[in-house]
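Beneath this line is the structure, given in structure tokens, with notes to follow.
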Amino acid sequence: MRIQPDIIRQFNEQAHEEHHRKLNALQHMRNNANELEHVIQKLMAMQIAIPSWALGTGGTRFGRFAGGGEPRSLEEKLEDIGLLHALNGNSGAVSLHIPWDIPENYEAIRSLAAELNIKFDAVNSNTFQDQVGQPHSYKFGSLADYSKEVRAQAVAHNIEVIRHGEALGSKSITVWLADGSSFPGQQSFRRSFEYTLDSLQQIYAHLPDDWRMFVEYKPYEPNFYSTVIQDWGSSFLLASKLGKKAYSLVDLGHHLPNTNIEQIVSGLMMEGKLGGFHFNDSKYGDDDLTVGSIKPYQLYLIFLELVEGMESEDFAWMIDASHNIKDPLEDLLQSVEAILIAYAQALLIDKEALKKAQEEKDVSLCQEILQDAFRTDVRPLLAEARLRKQAALYPLKLYRKLQVREQLIESRGSEVAATGL
Amino acid sequence: MRIQPDIIRQFNEQAHEEHHRKLNALQHMRNNANELEHVIQKLMAMQIAIPSWALGTGGTRFGRFAGGGEPRSLEEKLEDIGLLHALNGNSGAVSLHIPWDIPENYEAIRSLAAELNIKFDAVNSNTFQDQVGQPHSYKFGSLADYSKEVRAQAVAHNIEVIRHGEALGSKSITVWLADGSSFPGQQSFRRSFEYTLDSLQQIYAHLPDDWRMFVEYKPYEPNFYSTVIQDWGSSFLLASKLGKKAYSLVDLGHHLPNTNIEQIVSGLMMEGKLGGFHFNDSKYGDDDLTVGSIKPYQLYLIFLELVEGMESEDFAWMIDASHNIKDPLEDLLQSVEAILIAYAQALLIDKEALKKAQEEKDVSLCQEILQDAFRTDVRPLLAEARLRKQAALYPLKLYRKLQVREQLIESRGSEVAATGL
Amino acid sequence: MRIQPDIIRQFNEQAHEEHHRKLNALQHMRNNANELEHVIQKLMAMQIAIPSWALGTGGTRFGRFAGGGEPRSLEEKLEDIGLLHALNGNSGAVSLHIPWDIPENYEAIRSLAAELNIKFDAVNSNTFQDQVGQPHSYKFGSLADYSKEVRAQAVAHNIEVIRHGEALGSKSITVWLADGSSFPGQQSFRRSFEYTLDSLQQIYAHLPDDWRMFVEYKPYEPNFYSTVIQDWGSSFLLASKLGKKAYSLVDLGHHLPNTNIEQIVSGLMMEGKLGGFHFNDSKYGDDDLTVGSIKPYQLYLIFLELVEGMESEDFAWMIDASHNIKDPLEDLLQSVEAILIAYAQALLIDKEALKKAQEEKDVSLCQEILQDAFRTDVRPLLAEARLRKQAALYPLKLYRKLQVREQLIESRGSEVAATGL
Amino acid sequence: MRIQPDIIRQFNEQAHEEHHRKLNALQHMRNNANELEHVIQKLMAMQIAIPSWALGTGGTRFGRFAGGGEPRSLEEKLEDIGLLHALNGNSGAVSLHIPWDIPENYEAIRSLAAELNIKFDAVNSNTFQDQVGQPHSYKFGSLADYSKEVRAQAVAHNIEVIRHGEALGSKSITVWLADGSSFPGQQSFRRSFEYTLDSLQQIYAHLPDDWRMFVEYKPYEPNFYSTVIQDWGSSFLLASKLGKKAYSLVDLGHHLPNTNIEQIVSGLMMEGKLGGFHFNDSKYGDDDLTVGSIKPYQLYLIFLELVEGMESEDFAWMIDASHNIKDPLEDLLQSVEAILIAYAQALLIDKEALKKAQEEKDVSLCQEILQDAFRTDVRPLLAEARLRKQAALYPLKLYRKLQVREQLIESRGSEVAATGL
């Protein structure tokens, strides 16, 4: 299913009065046209990759309640992202997961993506599950396993993932490692780390010159005592030892309770080692909820850091959520919206005024400056950015008006489960 | 120091154009005049008590960095609250702490308060510190202590606090108990709880008929292994056993990491046992930061619960923060502002639409409804409510323009420390 | 597969010298024969139920790495528990899970259990997953669902579970409710609670007179914003409203970070509402690791509370762990061992001395008393208790010597997955 | 007050039979004389520094309940440590805190320390409090402050601390920095980090060649939004940039909930950057409780890592606790005991067997090996090590028998407060 430009244009025309009224109101509220125009330009340029596995219904260890109309193939996954991108103009990239998304025909997939205006972002390897027919099991580890054979298999898989990525035009690989232990004494922390470094070095040796490698960290789950790459410090250490093309990747849900994530983001940027970002939200652990649904202020504080780095560097943005009870496409629309709101608010900050207040140790004023931007209703700017890109003023409304899900169920069936998680 | 109505009127006149522009913009944004008028009315009626100890600079166990111009007496504390109330019109109540705030002349204090339009909210007892000349120490406990003499002394103190409150026109007492243990085995949980119940019953017996008793809970600090009243369950149990006039009091900072506080608020209201509320914010523990400075969305979610209960019940609202590095008066102005913003946003919710979405299990729509209100910039409504009450359109701006702190330092000195913490 | 008494006797004879040496050493260490004999008697009497689902390999949302020789039927599950019970003499009860364990022939199952000396402990209902052909989905809730039909179906299921339990001789039902929400606003806390109470009352009405109902609580997972029965307070409230036969059930893994679980245990016992206990261990969330593998001191502190209650009341003890990377039977042997060690240590406490030290506020001495017992190596007492019951002195050693797992794999195959999770 | 060797000898003679019985029992329990002798030798060599501020009663932000007989001068602090060292033979070092412990006469202090057999461990600077007459305040920061003057003052103080340490024979300085922010936006993370690095480099330039600098980290408190050196990653980064003589220092209480501290210890050792260790225990935050009183198994797991590093490297061990309700000297005796127990248990591990089990992925066996050592009652080994060093078999017993505290109160008074916190 595709949404034709005409449909969107028509919808926007009907919604134009409302939009105009709101944008106008915001202009009166802020009273600074240049500032708002600057934000609109930035919003138009922002692209957030959609992971191929986020298009189906996710689950927990207690089960999974399937939704309907899920994509049954890589082609249908791209089609779904095409729908998102048509609606909001900010979802023009896909992050593939190997082996779930191995193309049968590279050329056809590239053409389809080009047609939908979708780029290939980071490719992801999978050594946290066993695939049918796989000689060695990852039950006790992969890149960090004590068995040479297991490590070799995991290294080879990652190299293969790079090959798939190259064939599609991707320029980076994300390595998320589930390796770790569930019980004290099960493994030597040191030995596991050294194996991991060695394995990553082998993969790194096969990394094309214009590629980047993202090393993800996570404190726990699926292992419940230790993870080999447990925090930004370990990820940074590995990325430093690997070389210039290696970076850390921050996933919002991969932190212990109360972690100051924005400080980590700042630190990694300072050292030139922030590479990618996985957006989601959570209250307890790696809950993988819709971005901005639980802690929107934290998201905004993170963007306050990011906007500085974004001026000089190029980060890989990706949503990494699990849609257990919502329609995945609706959830993704809400997530992109929340990211853009935080981004827009962060752009509104008067940096010079903030810097001055900081230097004068005027803590109350620093807070006023931060909260003024956060309390501003920037949604009309998002709508305006979409309007200018021929995307929908109100993506979720149009999605529902067009009954996209109903149509997908009709064409794909209600009992399918997307490949992957 | 007092701020004359003329000064405020003059300030408001100068700021009127800006305010009018913004209020107008909000009206265009929301397009529903009745809704906004309703919120303004509610905001005008809201009063939040200021604790007498919050007017001085707080500290940590590592030290305290005094500010200047702190109030040196109960009279000066009331004067400070008078300043706040003149500025924002929402701070017309004080919560006293005995023995720090024992009046020398009740009549004079009552007159002063009446003059400043300040009411006496809940009085607070203190059995977590020893006072000079006190026969028995609270080092190991007070209402829950193993020694009969200590408990009797603590009970008598609370009864005395009620007497002070009666003389001033207060109608409730808040009992916050530091009692607990720092090491496993130090106390029997059961025995401590039974002593506490017994002591509270003795105090309750002296509670005037039109008074309420608020039982506060807290998981840890100053004891580091257990607190006798550690959570809402224990507080509720005690309040239930005590009787109709006993209620639980929720302090936002008194919860374990990741606690869903809004659910606790809902539960206590359902059982008719929510009595009071201490506002502050925190990232790690009982950090006592400015309200809304860390988790504004959580504050909003809590108000979503509260607005329902507020229709039929009367709660005791109080700020309970510690101002370690900000000017306490500025901090309190920011806190009240944050509370009112959350309240206003919660009032914007279309309850019927939300109920319908919940019944239809339309999770995405539920989120849209919640976030639509939260993302709305309601600040012009707060300003309008203040304008109508002859308070300042922008309290913090006027506070700074009038150089209130500088004047207080001049009159009170820069080396004073407020009585209390 | 069964282990014949002769095999055990033979093993014990070979190990007797070692055991005798160690028991003797412990007697010299403690120098108090009566005390040790008392502990041995208590240990002999202790029985811990094994949940039927714990006999297979568990998994996480990222996948499951099957082990071999898992039980393929209820009969084989009982057979596995029979093995455990033969080895340690403390695993003489099973907790069934409906619908995973519905017997085809009640009489045959009862006979088999009697033959293996296994009793039927609490039965468990399941409304957190959909079963094939089920008319209504539990995707958004069960006993607390907004749809009358869903609630009715869930109530009927629980009543049916009671019927199965009656037929087997069980005397209690455990209700663990996954109901809750993953997003703010998705449900009304109050309405969900009221539905839950109403549903539980309907089930309670069908509870036989000599049965008990255990209401479990959990802060999060599988829902990630709120759980209807989120903590002991809510569980206690429901149990109180339901009536005398309703109790709270504590699962060690169902608490927020840093919770003082032993205090909760004490509080529930004080109110006569502690009914059951699920043992496991965890570092981060509901990790369901081997009992005692992460926080053995906490387990001991919990038993310090329990030993008091055990004198007058009868609790339902059960292990509730997930064996993702260990042989489930080995894991269960280790768990039972850890429980008995904590129990034995708690029994060693000189209660009168502790009470006196508490009254004298001698905090250092309180700690000495607690740690003296914890630091004592009580393992010879466990061995002696087993020896007297014709179980194996060293269960895990014998399990490995007999190559039980290898035999199970041979007879059941290496590719099976136990029914259930 | 000093305890004469004769007094100890006499006490040991009376306790000898009990000790002999227990040591003998342990030998029968373990059945491996070489192993035990090896542990005894290691225990005899272990020395743990006592911080000078730990000899008085600590407090919280809510107050402080003084004990009696606290040391009133540096001399009396050394005297107290002399008492500890005489009793347990493992407390032969002191860690001074400047400016609280500036000696009036270096030579006299050195003589006194030599007489008491006490060495001077790391010296500690203090830029988290303002001292009377100090030109610039540390209210908003010290080494990371935005004002050049404040930073210069803090740098100069640290250099002065090194000078004091040199005069006494210390060989290291510990820098614990309270610097950070309590509100989002108050400071730029990056700028604060860069100032910190610059300041530390200036101090480092004054570090004698045979000295080490320990950079401590802490996630929060006294600042409640961010700390400049918030975790091991930041500490490691600074230590790496500073040079060979700079190391990280781990304080057990300075971690977010659920942190795997032993993994951090392993990682820092692997990189050759673990320098020092502050022992204490906690349940919630930086509770500074007696070592081993809350999580003894975690302490043991940490020692499992440390014993490897201790073979080749030299770490600075120190207790850093706050004794709010116990007699500080009793508390310190309990802390040293807990440390030695964990150390002894860690030494009992059969490393080769563990390595083999890890390689064979025999997770259950790994756990058995770890828990076997932890469950062993090693206390007779500690007593034996003390006996051989002419210290007391049972230090706390002798301390109480000699009524040390009563004597200290008599000579020093009951109303004194130790200098410092």
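Every chain is named by a letter (A, B, C and D) in the order it is written, and numbering of its residues begins at 1.
To be clear about the criterion, a residue touches a chain if its C-beta (ideal position, glycine included) is under 8 Å from a C-beta of that chain, and two chains touch if they have at least 3 such contacts.
These numbers come from a predicted model, not from an experiment.
Interface comparison, B-D versus A-D: the pair with the greater number of contacting C-beta pairs is A-D.
Using mean Cα coordinates as chain centres, the one most removed from chain C is B.
Centre to centre, using the average C-alpha position, chain B and chain D are separated by 40 Å.
Distance from the chain A centre to the chain D centre is 43 Å, each centre being the mean of its Cα atoms.
Listed for chain D are residues 140, 182-184, 219-220, 225, 257-258, 260, 283-284, 290, 293-294, 325-326, 363, 367, each touching two or more other chains. Listed in rising order, the residues of chain B touching chain C in the complex are 140, 146, 182-191, 193-194, 219-220, 225-226, 230-234, 236-237, 256-260, 262-263, 266-267, 269-271, 297, 301, 304-305, 354-355, 358-359, 361, 363, 366-367, 369-370.
Remark: chain B residues 21-22, 24-26, 28-29, 31, 257-258, 260, 283-284, 290, 292-297, 325-327, 330-331, 334, 341, 363-364, 367-368, 371, 374-377, 379, 396 touch chain A in the complex.
Contact residues of chain A toward chain C in the complex are 58-63, 65, 128-130, 137-140, 178, 182-184, 219-222, 224-225, 257, 282-285, 287-290, 293-294, 322, 324-326, 421.
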